[in-house]
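Below, each structure is written out as structure tokens.
Common to both upcoming complexes is subunit A, partnered first by subunit B, then by subunit C.
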Partner chain A sequence: MRALARAITLVERRDPSVRDLEAALRTQARAPGVAGFTGAPGTGKSTLVDAVVALLRQKQRSVAVLATDPNSPFTGGAILGDRIRMQRHALDTKVFIRSMGARGHLGGLSLATREAIRLLGAFGFDEVILETVGVGQSELEVAAVADTTVVVLTPNLGDSVQMIKAGILEIADVFVVNKADIDGHLRVIAELRAMLNLAPRQGWKAPIIATVATRQDGVEQLWEAVLAHRRHLETTGRAKELAEKRLRDETAEVAAELARQRARQALEEDPRLAERLLEDGTPYRTAEEILKRSANR
Partner chain B sequence: MRALARAITLVERRDPSVRDLEAALRTQARAPGVAGFTGAPGTGKSTLVDAVVALLRQKQRSVAVLATDPNSPFTGGAILGDRIRMQRHALDTKVFIRSMGARGHLGGLSLATREAIRLLGAFGFDEVILETVGVGQSELEVAAVADTTVVVLTPNLGDSVQMIKAGILEIADVFVVNKADIDGHLRVIAELRAMLNLAPRQGWKAPIIATVATRQDGVEQLWEAVLAHRRHLETTGRAKELAEKRLRDETAEVAAELARQRARQALEEDPRLAERLLEDGTPYRTAEEILKRSANR
Partner chain C sequence: MPTAVRPVRIIVAKVGLDGHDRGVKVVARALRDAGYEVIYTGLRQTPEMVVDAALQEDAQVVGLSIHSGAHMTLFPAVVDELKRRKATDIVVFGGGIIPDDDIAALKKRGVAEIFTPGTPLQEIVDWLRKRFPDEKTPKR
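Let's look at the complex of A and B:
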């Protein structure tokens, strides 16, 4: 567990040794199933994730939870306040919980998350659950990394209208209406169904699952829906396509990140280069020169 | 005007010839003043920008308006529907109006905007006004590029509360309460003032200007506030610092963008490289190899 935690810290920091880690783990890498949980604060998302973890442990599956917060700086593995309620898994070595943050790194969070998922696979974890903590872009980041995106709503937050705005319909593979013991849950489900019928997605119809996470109600059905979506991806060949697309995207993003770092470093270490840039105002030429140079190091 | 429009199209497409353009214009480049206008839809931002353009023309200043929409694809210079009301400047060669979009390009919009500003300077424009059309990240993009960021509010939209959330206080150099003929504008101004007093910014106190853009009321005062902020940047040396920081950032972003493009191209053109990536799952190593290779082309 400590080795894994350290490895993820290296990944978060984009330490150059990630490359060596990557090479060393290559042969043992197995792809875990990745489900992302997203939704507004107050929807009971963390409680739901906790309930899913409990279910997976009953089924003898090992599970890692990555709580990602794009608005936080690197957390260095610190466990968030609301992780306290997951302490019931603290002694279970088949449960790994970790917060990740990456403020200010364009694309940094999804890069670090992908690398962390590969590490978790190599360390033998069967399932990875991504939980967004922040708001804003985080839903899209999760959808870009997870195989199955679960969108969590509640009857009392008036989410259904907001949702359409944010384009959530396009990324949701499974809908959960949590807190289904509150008045109004049937209305939310009906609204959602109407909306999904208006804008049907090809091939896969996102199911709507009602849950009461605090009572473990509906959690089994939720996980069934996640597995059904996973089978759908497998049988249609979409799983392989997605995996390939992600590796290509990730390579392009790693290349961009490396180039960005090299440019900053070159401008810091070479005063003449920096001076000329400031005098001439030629970022394009300077960037090309830096890329040429750094290759020959 | 046509040469300028074409040059901006090249910049938007990140055409490799941007480098040559950059080099050719280098000697004639002058830095125009850049003011960014941001605010929620419905605040009358476009009408206000139109009023500022009219004022600047009275003052014999040439002016370019870049309407940026991070949620749109490249517009290829198409003029947005709401630009129609700016047709009164259509025959004025000292006014240049252009919509820019860059959906899906991380950092692409601010890169293209910076390059376009340099072009506008080389073509002799005195003032550039950036207007955000979209919502979301666009405010931050504008603040990263503009010398002076003007945040537009109205009495009727309940913006003042939303604002704090989005961290707008930190980026606003000038506040405008537009539609100041509507009930409630004094309350918005008072709330805003209270908020600014709670979180004072060092060195510069953002003034609050009341305007009725449709009647040209307060526009002169608004422009005075923009000029006062510009003088503040000059006298404190902050203007030079900002210009330098932006050129460094821009170089790093151009390097990242070039690397990203090269990685995608390499994976497309070299099936063996792509195959190994998919088999081994080693994006880090693959990215490094691609950067090494592309340098020796």
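Let's look at the complex of A and C:
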């Protein structure tokens, strides 16, 4: 287990040795099912994920949870508190929980997450659950990595206009209205349904599941919906398309990362280049020059 | 290739039957503000749970908080569990209402440092900085 934990640290640090590690593990790589949970703070994501983990353990599936919390933009520090809600799975060797600071690594969250997922697959985990706070860019990055994105809502989050504003309609494959024992949950469901009917999606229609995560209510139905979406991806050939698209996206990100490193290096090592950049006052000529040089290497 | 700096990751936990978590939350907050990644695991943790979390999270430091008086049992139990899991590189420090005599005994048992009530938060941060001079806090 410590080997896996260390490997994920290397991934987060964008350590070059990860490349060799991944190549070595490639033969064992088995793609785990990946479900992403996102929603506003306080909607009960961690509790819901905890309930899903409990369900999956009943079904004898091994589960890894990657929980992302924001880092402070001022100090870089973070308090990662998602484990608190998942303590009943402590000491279960088939459950692995890892907290990630969203800004703690270069190269973006999605790059580290993708590599962590591959590692978890190689270490034999059947399911990976990604949990992110839906307050910025991170949930979009996670939606790009997960096979199925679950958006968690609760009653009293605000009126229906909030839903259009947030842009959550587009990324959700499954909607959950959690805390469905609170007054107002029927209204949220009705508004959500009305909103979805206004802009019907082609093919997959995102179901709306009501849950009370603290009581395990609706969790079975939620997981059924995730599996139904997974089957939908398989039967329509979308799964293959997505996998290919992800590999292309990831390659573009890795290429960008390498280019960025080379550019920084070139500007540090070649004072003439840096000087001309200052003369120009705009970056384009120098950027192209750097790319050209690195192509000739 | 410039590598990203490694953030020091700290597990912060309340061990045993002790519900007094205000102190630990204040410390967690101070460590966060000092740029550390703090993983707070909540109340009523067993030594096994704390060590398990430290290993999964690949933390370099474990901070334990206790006000119940069971520190002489629980702190060494965490140190022993780390030994059993071959993770003695992980540094353990603690805080709480702990008498001076016990502090000396705990240090002998492998607890790196103990902070008692009234310790300025900066003192804890300074101690960590001294302990991990090479490790940098995460970049923005």
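In this section, the second predicted complex is superposed on the first by the 249 of 297 C-alpha atoms of A that agree within 3 Å, B and C clash if a C-alpha of one lies under 4 Å from a C-alpha of the other, contacts with A are read in each partner's own complex, and residues count from 1 in each chain.
Assume a residue touches a chain if its C-beta (ideal position, glycine included) is under 8 Å from a C-beta of that chain, and two chains touch if they have at least 3 such contacts.
Worth saying up front: this structure is predicted, and the values here are computed from it rather than measured.
In the superposition on chain A, A:E22 makes contact with subunit B only, while subunit C stays out of contact range. Using the contact criterion defined above for the overlaid structures, shared-chain residue A:T236 touches neither subunit B nor subunit C, since it reaches no partner.
Here subunit B and subunit C are compared by how many residues of subunit A each touches, and B touches more.
In the superposition on chain A, contact of A:V254 is made with subunit B only, not with subunit C.
In the superposition on chain A, contact of A:R264 is made with both subunit B and subunit C. Of the two partner chains placed around the shared chain by superposition, subunit B is the only one that A:R285 touches, whereas subunit C remains out of contact. Overlap of the subunit B and subunit C interfaces on subunit A: residues 106-107, 264. Considering their complex, residues 1-2, 5-6, 8-9, 12-16, 71-81, 83-84, 87, 90-91, 96-99, 101, 103-107, 261, 264-265 of subunit A touch subunit C. Residues 18-19, 22-23, 26, 29, 106-107, 114-115, 118, 136-137, 243-244, 247-248, 250-260, 262-264, 267, 274, 277-278, 280-288, 290-296 of subunit B touch subunit A in their complex. Taken together, the subunit C residues at the contact with subunit A in this complex read 1-7, 28-29, 31-42, 45, 48-49, 52-53, 55-58, 85, 87, 137-140.
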